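Naming follows writing order (A, B, C and D), and every chain is counted from residue 1.
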Amino acid sequence: MPLAPELAVSRWFNAAAPITLASLRGRVVMLHAFQMLCPGCVSHGTPQAQRAQQLFRNTDLAVIGLHAVFEHHAAMTPVSLEAFIHEYRLTFPIGVDEASSGDPIPVTMRRYEMRGTPTCVLIGRDGTVRHHGFGQEDDMALGAIIGTLLAETP
Amino acid sequence: MPLAPELAVSRWFNAAAPITLASLRGRVVMLHAFQMLCPGCVSHGTPQAQRAQQLFRNTDLAVIGLHAVFEHHAAMTPVSLEAFIHEYRLTFPIGVDEASSGDPIPVTMRRYEMRGTPTCVLIGRDGTVRHHGFGQEDDMALGAIIGTLLAETP
Amino acid sequence: MPLAPELAVSRWFNAAAPITLASLRGRVVMLHAFQMLCPGCVSHGTPQAQRAQQLFRNTDLAVIGLHAVFEHHAAMTPVSLEAFIHEYRLTFPIGVDEASSGDPIPVTMRRYEMRGTPTCVLIGRDGTVRHHGFGQEDDMALGAIIGTLLAETP
Amino acid sequence: MPLAPELAVSRWFNAAAPITLASLRGRVVMLHAFQMLCPGCVSHGTPQAQRAQQLFRNTDLAVIGLHAVFEHHAAMTPVSLEAFIHEYRLTFPIGVDEASSGDPIPVTMRRYEMRGTPTCVLIGRDGTVRHHGFGQEDDMALGAIIGTLLAETP
């Protein structure tokens, strides 16, 4: 399986320092790509990521948010995102996907060939992409994949 | 009962012309005050207002949204609101509550002495305030009040 | 509009004495017909009737349940219904629709020409049927009809 | 960890032949103990078991229902259970927990020292009890445990 492309992030929230996937090698990563004005993200995907962080807080899972804005760019700036994070009480690290000059699709979103938001990418301890899902993820199915990946020998 | 204070709106969405409560006299008005980054509005109050507009579309009920921003002002500008309205497919008229110089609370919100968002105000055919509720409104209770107000002789 | 047919009930629960529609003339009646093993009743209709009783407890609305068994008769006897009422903490009066000899459809269900369960019948203060709905009723729509009927002069 | 006690079942539904845990050794077992008139089972636990069977249908998970009646015995006989299974379209095997003479608690429930219904017991490929939960189980947490147990070498 292919190695997960590295993140390209212009600004981090809820993180003391920039985060790279390279530095998370050996752990399982849940990458939740969203937009703050995407209804399916706000009602389902983003609260699910928050619940995953809480549920697996004592495990090797790292939940990382990616604000992947590919539409309404002027409406979803970092100042708006910051208020969103505050109001929705999100506590997992969230990176702003780096804008691409001349392309509405930001850099990380393009690297992962995401089809839209929400997208959930699960990365194994070996750094390979093990799940890549667009749209609503079922809680039980998501839990099963995470449980399986955590069970692999680091 | 007191007459409902007039709206102070700096910009309308989903309306061909500015709307006044005076012009709606004789009809029942549901005024839904919200903020686009208020979780309780997005998950409950605003979809409820949209459902009310749909349910009572052939009656004398007018559903009016009021974007009453009293916090995170830079995060909830009209350009962001416009994207929000588009993404959430809101079709009822929405006015931006007029900013007040030197006061974070906008003008209409102050006139109604609203405690926060979401706030639901129901105005009878005679122009008086008949219900003023802060927080989550129960669908059945709301329907009952609207049904009662619509039953009054114009 | 036609007068609502009288109830035919073989046994009452949550009632000190048998209830007739005739004795409720002047009040609004919500008649909730259900079966204890009907999934749509258990998940939606019956809790809705319970909420309606609570919401309108200080009004002229009378909520009446009707256990209208038309299938699996041996599985839904009064002894099972009694446990169901206890476990689901139902507090509104519930009558067992009278069995009809040679007909799986019980008497009241036949009189009202109900198509199945849940069925919600709303009866005005004048005793006429004002709403007759099969399946899931929207809370707001139901509230609106009840509010309208309560607003009529007794 | 202790070996899971064997099931004591007086009658099976949705099964061609009686099922024993011994015969399932090497597979993961989800044992869902419920009562057909237990509101928390009907609204949450039992549909969750049905979803688990569907989600993991191509894996080594076996979902087994246990109708563990410890109250209202006359109200929840096999004839009522059969109609319940039909109406709720349950397709996983369901055993009636064997009645115990002189004890309202049936045999299997007693062996597992279950506190009530719903109870979810997860048994590993080695036949030991790995999870024993009373009440509402979170979908994501349940999925994670199942994923972990399935990942163990048979």
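Note that a residue touches a chain if its C-beta (ideal position, glycine included) is under 8 Å from a C-beta of that chain, and two chains touch if they have at least 3 such contacts.
None of the values given here were measured: they were computed from a predicted structure.
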| item | value |
| --- | --- |
| Intersection of contact partners for subunit A and subunit D | none |
| Equivalent interface positions on subunit B and subunit C, same or different at half | same |
| For subunit A paired with subunit C, centre-to-centre distance based on mean C-alpha positions, whole Å | 49 |
| Whole-Å gap separating subunit A and subunit B, where each centre is the average of the chain's CA atoms | 35 |
| Subunit C: positions in contact with at least two other chains | none |
| Contact graph of the chains (line, ring, star, complete, other) | ring |
| Pairs of chains in contact (touch as defined earlier), listed by label | A-B, A-D, B-C, C-D |
| Subunit D partner contacts - residues on subunit C that touch it in the complex | 37-39, 42-43, 72, 74-76, 79-80, 82-84, 86-88 |
| Complex contacts: residues of subunit D adjacent to subunit A | 48, 51-52, 55-56, 138-148, 150-152 |
